[in-house]
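Naming follows writing order (A, B and C), and every chain is counted from residue 1.
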Amino acid sequence: MTVIEEVSVPSPREGDDGPLLEVRDLHVQFHTREGVVKAVNGVNYSVNAGETLAVLGESGSGKSVTAQAIMGILDMPPATIPEGEILFRGQDMLKMSGEERRKIRGRRIAMIFQDALSSLNPVLSVGYQLGEMFRVHHGLSKKDAKAKAIELMDRVKIPAAAARVDDYPHQFSGGMRQRIMIAMALALEPDLIIADEPTTALDVTVQAQVMDLLSELQREYNMGLILITHDLGVVADVADKIAVMYAGRIVERAPVNELYKRPAHPYTRGLLDSIPRLDQKGQELYAIKGLPPNLLHVPTGCAFNPRCPKAQDICRTDIPDLFPVTEQDRSELVGRASACHFWKETLHG
Amino acid sequence: MPDVTKTDVKKTGAADPAGATPPMTPTASKPEKARSLWGDAWADLRRSWIFLISSVLILVLLLITFFPGWFTSEDPILGDLAKHYLQKPKLSDVGSADWLGYDQQGRSVFARVIYGARASIAVGFGTTVVVTVLGGLVGMVAGYFGGLVDSILSRLTDVFFGIPFLLGTMVILNSFADRTTWVVIGALGFFGWTQVARVMRGAVITTKQADYVQAAKALGASTPRIMFRHILPNTLAPVIVVATISLGIYISAEATLSFLGLGLNGVSWGNDISDGGNQIRVAQWIMLYPSIMLSITVLAFIMLGEAVRNALDPKMR
Amino acid sequence: MGRYVARRLLQMIPVFIGTTLLIFLMVYALPGDPVRGLFGDKGGSPQVIAALRHEYGLDQPILVQYWNYMKDMILHADFGTQIASGRPVTDVLGDAFPVTIRLASLAFLIELVVGIALGVVAGMRAGRLTDNVALLISLLLISVPVFVLGFILKVVFAFELNWLPPNVNDSTNYKELLMPAVVLASASLAYVTRLTRTSVAENLRADYIRTAIAKGLPKRRVVGVHLMRNSLIPVITYLGTDIGALMGGAVVTEGLFNIQGIGGTIYQSITRREGTTLVGLVTILVLVYLLANLLVDLLYAVLDPRIRYA
């Protein structure tokens, strides 16, 4: 399998030469009683400072496992990383000691989780949990850390921060809790934030507010952002580029606008077609048939073939490479690739 | 018909917070709750070494209880003082009357160990049945009817729970000169039912809220029918766990009462351990072997309970 | 909070009356007689017995006896007279309680430290060898009856190795109390281990632990602050309710090691059918148990901010 070098979308705020984070040919496996689950199979992606990469996929696509591998919070065992590199500012984090990685976590790379209620410690006040970042990483006193915590809560627009700093997570609303999670991730002004479905657990109205806050702060600090989601709607406004994952592989990669306009993979097309649209009111909504694959028994060939309307014999036997996508006149489309044997037909047809 | 709609994709995404659990682990076993719970439990049990060891042990114990004659031809009650007074064990003579030595009345320790099983097993099973039925009934009524009935029954449970278990049974047993198996079972059961009652009450209150119970009520099912057809099956799992573990505890309690001189009259491990305690400096074997048998028996039931709990309550894994 | 405590205290009243009445009824309604017991096999003259029965109020109806007893106890802190010795029950209790409290405290300490330590180690390595070893130890401790364990320890540490004295002569000497305390603690220790293990293993998988790791906290802080703060809540609850059980459960242990505490006094009172002493003892044990439960509930609210009592 040839690995296609990714060409990243130039970012207006790009500072360093190389990408901030680069994942190279990453493999993650889980050893379970039923057998070896290949959750991630050769994923490549990169993010620059100030850039937002959206990783799109259903549950089980490997998008979250990849993120956890980057953070170094996979449970090993059962998980193993048999192959791959995760380069942070050019250094392979998989080769670092546990202590070196710990110092990157929270300080250089931070993570926002989906369910803030269960992700915050229920028996510690939010002020304590926020202040802990400063106490542990910067050695601040309890008092100074608390002041910093209030400052952070103000920054993420929590009303009456000083009065609420000693409250516990369950005393906040869902949106406010997610703001606290964001504040915690931002605390030490990291270079990269990984947000794993940051708005999925929230009401639709609150989702937009939280998303806006996140991208506003990202711009302010010029951070790289990896946004993991299954929701194409969330992605459109904030992402620079998208990687679509299916069964542990990237199946399509593209700058955000191009992906929406012209998908080059039948799976992406299916996802786009199943978004409800106002101009199609009353029509039956498209749905991708079948179920996501069981990772213990991934179909041979292209993992998507049993659900694919375009599947041919070759799809059932050969795993497609991630082909560079070009126009009909063979001019290259910057930053685009598709892992479909029939990407041309999908893109142009 | 399309199988997966967009909303379904969304749901599965939400059910899997960070993809930490790979999707093939069947986390969503909600349909057919009762059947798959027992089915899963059985599949789990068969794989558990704790379950296998404990069931083999219990099987052997039951054989000893019902057919002591298969294991020894020696009489456990008649001793020959002249011939066997405090005779040392002949550990190479496995299974013979001499094997585990003789006590201060010239009785074979091996024969007494074999015949002593009956008392422990009878008290253990008997008490568990009494406690489960009594406690189950109290818990069911309290949980189902709630209100004043619940208040009264719950306070009653508190009262019986408040008196230290061993102390209460001691007071009762002290009043009986002839302490038969039934008397001991009665005394243990009198103070033992509270735990099952509490577990049952909790389970009934939880189940009572379930939609299908409300539906059955709305359809006009009779109270006993709702209680026994709809609620009972869903409360069995925790009660079975408590009952299995407490079976071992009651065997241990019976022996403790015997040790205090308030246990069963007749051949029992507790009595022999108590007697052996007086000879502890000269003939430790009198005490040692019944103690080992007793501990193995209690262990077997507690292990069984542990295995059943693990199988029925996936959270414990 | 204040209202909750008041309600709980009110609820304790029927339970308190119930337990004392139950034990009172059991002692007096069941066959046997403490006065007759005084005279042994020979038996005293009927006149003397009748006079003694009258003196102790034993000739009155049972509920009247109960009423008088409780009235004296609550109004005058008078628990009656121990018939065998003629001493006030309060004196007997005053002698026995400090001994048992020392024994129970030592046992409590052992169960707390060893139980939690073993449970944490097992829970952190759930499913692995250490966990299985800890499981085996705890199952053994639960399975071997207290008196058997007592005998074994006595034979090994007192008779064979001569490290510790076989009996307790001076209950203020903690070296003498060590072995009985281990015996008394054993079963509870096993439960504490199991409970801690389960709780730690469960919380270890919780999302907020993943968050704590993602924050770059050092491992000892993830475990020491985030994991422990949550995992120990159910353990502390159990430990609280166990205080009463340790004191009530000392009957066997005190008998084994010849300790003159509550357990020994209870045992003598039961076999001699000393109703007044027994009821006094049980009353105090029940009070300890009820108050410990209330304290545990209040402690629970302090430890877990999600719980609020109205």
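What we mean here is this: contacts are C-beta pairs under 8 Å (C-beta built on N, C-alpha and C of every residue); 3 or more make two chains touch, one makes a residue touch a chain.
Given the structure is predicted, the values throughout are model-derived calculations rather than measurements.
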Most distant chain from chain C by Cα centroid: A
Innermost chain by mean C-alpha position: B
Highest-count interface - the chain pair sharing the most C-beta contacts: B-C
Interchain centroid distance [CA atoms averaged], chain A/chain B, Å: 51
Separation of mean Cα positions, chain C and chain A [Å, integer]: 55
Chain B-chain C separation of Cα centroids, rounded to whole Å: 22
Shared-contact residues (touching 2 or more other chains) in chain C: 207, 210
Residues of chain B engaged with two or more neighbouring chains: 17-18, 20
Chain A, residues touching no fewer than two other chains: 113, 115, 118
Chain A-facing residues of chain C, complex: 206-208, 210-218, 221, 225-226, 229-230, 233, 303-306
Complex contact set, residues of chain C against chain B: 11, 14-15, 18-19, 22-23, 26-27, 30-32, 139-140, 142-148, 151-152, 154-155, 159, 198, 202, 207, 210, 244-245, 248-249, 251-252, 255, 266-267, 270-271, 273, 278, 282, 285-286, 289-290
Touching residues (chain side chain A, partner chain C) in the complex: 71, 73, 102-107, 110-111, 113, 115, 118-125, 132-133, 136-137, 168, 170, 184
Chain B residues within the chain C interface of the complex: 17-18, 20, 155-156, 158-160, 162-164, 166-168, 170-172, 174-175, 248, 252, 255-256, 259-262, 273-274, 277, 280-281, 284, 287, 291, 294-296, 298-299, 302-303, 306, 315-316
